[in-house]
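In what comes next, chain A is part of two complexes: it sits with chain B in the first one and with chain C in the second one.
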Partner chain A sequence: MNPTDLKYSKEHEWARVDGNTVVVGITQFAADQLGDVVYVDLPAAGTDIAQFGKFGEIESVKTVSDLFSPVGGKIIEVNDAVKDSPEKVNEDTYGNGWLLKIEITDSAQLDTLMDAAGYESLTAE
Partner chain B sequence: MTITSAMNELDRRLLMDRSVSGRSAVTMPSSDVPEQPLPQESLLRDDLPLPEVSQLEVIRYFSLLSQLNFSIDTNFYPLGSCTMKYNPKINDAMASLPGFGSIHPNQPSEQVQGAVQLMYKLQESLGDLTGLPGVSLAPLAGAQGEYAGLLIARAFHASKGDSGRTVALIPDSAHGTNPASAAMAGLDVVTVPSDAQGNVDVNALQELADERTAVFMLTLPSTLGLFEPSILEITQIIHDAGGLVYADGANLNALLGMVKLGDLGFDICHSNLHKTFSTPHGGGGPGSGPVMVTEELSKFLPEPVAEKSGDIFTLAKPTNSVGKINGFHGSFGILVRAYTYIRAMGRDGLKAVAENAIINANYIQSQLKDRYDLAADRFCMHETVLSAARQKRRDVKGLDIAKRLLDHGIHAPTMYFPLIVEEALMVEPTETESKETLDRFIEVMRQIDDEVSEDPEAVRTAPHTLPVTRLDEATAARKPYLRWQG
Partner chain C sequence: MVPFGGWDMPVQYPAGIISESRSVRNNCGIFDVSHMGRIEFTGPGAVPFLDTILSAHVAALKPGRSKYHMICNEQGGIIDDAIVYRLDVEKCLLVVNAGNAEADMAWIKPKADAHDGVDMRVVTDEIGMIAVQGPKAIEIVDSLSEGTASSIRRFRIGDITVAGVPCQAARTGYTGEDGFELMPPADRLEELWQALKEAGCDECGLGSRDVLRLEAGLMLHGSDMTVDNNPYEAGLAWTIKLDKPGYYIPGEALRKIAASETEKVIAGFRMTGRAIPRHGMSIHDGSAGQDAVGVVTSGTHSQTLDADIGMGYVPRRLAESGTPIELDVRGRSVTAEIVELPFYKRF
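Coming up: the complex of A and B.
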């Protein structure tokens, strides 16, 4: 169920690599665990972020969780549509429910992330 | 007539919708003083949607709302971590005595000696029960008690010139107010993991405790309803690192008369009087969260602290006080109720409270563990944390089970807390419930589990018998209407 062209972090975020740019979102597993997402707090574009650094918060009817970036770099775009319609995260987290686009500083960081199979065995525990 | 059909006949109109132009709850006498021009007419608005209703309509409306409510006086209320015990009516009788109920917080202490004496006596009792003798009754809730306690920890380190201690260590099972209070007190929160048994991961704590540690906040029994077996080692680790240990006393009900937090090495704690000491809770009344500290830390307590010299009781400001944390002396009416409870129960009675709270929770746990997973399969203290993970595999969530309980006249347990337990349902029966009530709860929980297999839709769409059925909580939170929409 997790797209095989993505990389995954232990904190349940995904990363889609497109040249120097990495699109970031939360995994379907995370979205299901959270339940209905009602609010997403994202940083402004232009902010620098460290790998695994906290970049925002996501709130569901159940709980509030921190968001951690799977890669480090400069945030070049933020998905404003999710701020207005947080349900996009539940409905299409690997598509319209993306959160950030990051210009990656060091692509070697990607090697520290899991592939889909690795992530699936993490969530199967 | 069944309850359901009576409910259906309810007048569901909101107060605004009952408004009739020109109707009023009071008749004003005609003015017998000369008219004065209003200072600034532009300050006055005539577009405010205020209801125009008679007194009787106001009374009927709010009486109806009160009857639609779940409360401890009407329903079993096993809301974990909240200790929804019966609030004895004698508490209210004492708080309404004119000497307590008709005084003003600005009156000088000489005029209200009885009230100040009660504060002094309550400080003594709380200090004695927790083994932490320095007490301030000022905080207005558990969370404010935490905040006051953390300010005290900061003031203590500052008084030693130790400015590098900026970290609050907090377990991943903690209540959300713990990290929130620490952040408000200007501390950086570092999370301490739990081990597989639900205890603090002592090795991880050892690693994290260092010269930056200001305080370690621990809930005891933990939010999983478990006693922390390594508690003495834990307080030692923090003290060796130069930090202080804070007890979130939300679960003090399980410890009354059994063990004192001070004896375990805690330096600071709070108690939620609205939980452990049977004062009204939630919508029922204001909270109260006194903070208790060691002798050494008592000079930092928030003011006022009741003191006694000879036969005279005064309200004093401790020498290095962190200051006032609210306008007056705390929730005074609540203090009267808590003191009444302590005196009515006596020392042995309070110990029996803890014993029975623990027995009741374990009884429920033992009767439900074949149907529901446990957060930790061992004896619990005053509450048991069930998990609806098994039910979730049959496509029914913890939330649905909680809603279904409402159909049986039982208030929902605390859900999805602690965060480290999947589909958590935290059940705290308290000591004030009879075995019959516990048996009925157990039967209903088993019945709901059957239903999850046989008729899951009935659970997923519950409640069915209440005046308001399933609410769309997601839309309510995503698109809140914050004003009345005329």
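Coming up: the complex of A and C.
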């Protein structure tokens, strides 16, 4: 199930808010749809990203998908461990499978995201 | 589940493609391949008729043996690839790709109807088909058939009873591993599936089947070759018997194609840069800015080989093993190297 303390985008990314920092990953639904993840391409820390802007690519045996940031800001940290062990995205989607930490520019952007219930009704369709 | 040739097919079971592929390479996997088209030909005209259509020499096959071959049109284009099993002197079973079953029928049926002594019957819905593949496959099927399975040698077919279910058992497959394709009555397929699962087989879907067949260098019709390709450029010359006696419909066209080297040819490659090759990506002889010289027909990430591998058509001058090539991966140029097929070899 999707943790209730997270925010969700319709592009299937999650955001965990911790003050000005937002941790970003893909949802369990997205990970299940992709299947075994083989590559995760992420930008360098220090890069600026717009809300819903493309920040990378995630590729599984089956298919490749673009990654879109649920919030805008400066990327302050990238999960290098997931580049070396992409299976973390499948195994621990909401934990060690995180992708980016972003210093958010405008916290009002969070209001445009869904809560867990909203996201679940989206993926139930 | 995805629609595939009019069937709903599982791409993967909960274990996932990588785990399923590993099962087949190390243990034993089962695939429900009931979607594959199965056509029976019976009568005194069956074998002579099939020799006019199929690239194999059917009359030379003893009962109980099979041959992988091409079904080509009058121009030598590949309508489908298939396996023909000679069940008896006057009876053959043809197993074709689900996605091509209609095209095959459109090509074959009018000719069968016009030929003396051929009764043609589609049995796809009556008979199920489970591929049991992997190093433990023979042992497992033997354990369920009182040891009768292993008496069927590679590329042969026989009637056995597996877990109480009567089956035609063909020692063929599409994974590069030893194993069987078991054909039980359709209404007993599930019972056989459960028995195989309980005996230690792992459930596998279409996704791992595609990875495994590519590792084994096996072509997929519709991806690696279409009706616009001939068997010579598709690396399938070995399946064409032009010296068989009697009339063979594409014979003249194929002889002409065989007389000189085709311009392009299918080749295997392994990525040296980081990317998974995908069907339709262009192949370049230099940087991706230059004109494309070829196209990727199949590609995947191989867990078995810990590599990204693919196949595609390239000009003959580039088909030599060790030749560097580049792929256009969503606008990025990524390097690869031509390698010998197959990527993986058990036998």
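Operating definition for what follows: the second predicted complex is superposed on the first by the 125 of 125 C-alpha atoms of A that agree within 3 Å, B and C clash if a C-alpha of one lies under 4 Å from a C-alpha of the other, contacts with A are read in each partner's own complex, and residues count from 1 in each chain.
We adopt the following convention: a contact is a pair of C-beta atoms (placed from the backbone, for glycine too) under 8 Å apart; a residue touches a chain by one contact, two chains touch by 3 or more.
A quick note: this is a predicted structure, and the numbers were derived from the prediction, not measured.
Colleague: With both complexes overlaid on chain A, does A:V61 touch chain B (first), chain C (second), both or neither?
Modeller: A:V61: touches chain B and chain C.
Colleague: Counting only touches as set out at the top, which of chain B and chain C does A:E77 meet: first, second, both, neither?
Modeller: neither
Colleague: According to the stated criteria, A:E103 is in contact with first (chain B), second (chain C), both, or neither; which is it?
Modeller: In the superposition, A:E103 touches no partner, neither chain B nor chain C.
Colleague: Check whether A:E11 is in contact with chain B, with chain C, with both or with neither, and answer first, second, both or neither.
Modeller: neither
Colleague: Once chain A of both complexes is superposed, is A:E120 in touch with chain B (first), chain C (second), both, or neither?
Modeller: So A:E120 meets neither chain B nor chain C here.
Colleague: Who does A:Y39 touch here: chain B (first), chain C (second), both, or neither?
Modeller: both
Colleague: Looking at A:P86 after the superposition, I want to know if it touches chain B, chain C, both of them or none. Which is it: first, second, both, neither?
Modeller: A:P86 contacts chain B only, not chain C.
Colleague: Hey, what residues of chain A end up touching chain B and chain C alike?
Modeller: On chain A, the overlap between the chain B and chain C contacts is residues 35-36, 38-39, 59, 61-62, 64.
Colleague: Residues of chain A touching chain C in their complex?
Modeller: 35-36, 38-39, 57, 59-62, 64, 90
Colleague: Can you list the residues on chain B that touch chain A in the complex?
Modeller: Those residues of chain B that touch chain A are 176, 397, 399, 415-416, 419, 473-474, 477-478.
Colleague: Would you tell me which residues of chain A are touching chain B in their complex?
Modeller: Touching chain B from chain A are residues 35-36, 38-39, 59, 61-64, 85-87.
Colleague: Touching chain A in the complex: which residues of chain C?
Modeller: Of all residues in chain C, those touching chain A are 11-12, 16-19, 207, 211, 274-276, 278, 300-301, 330.
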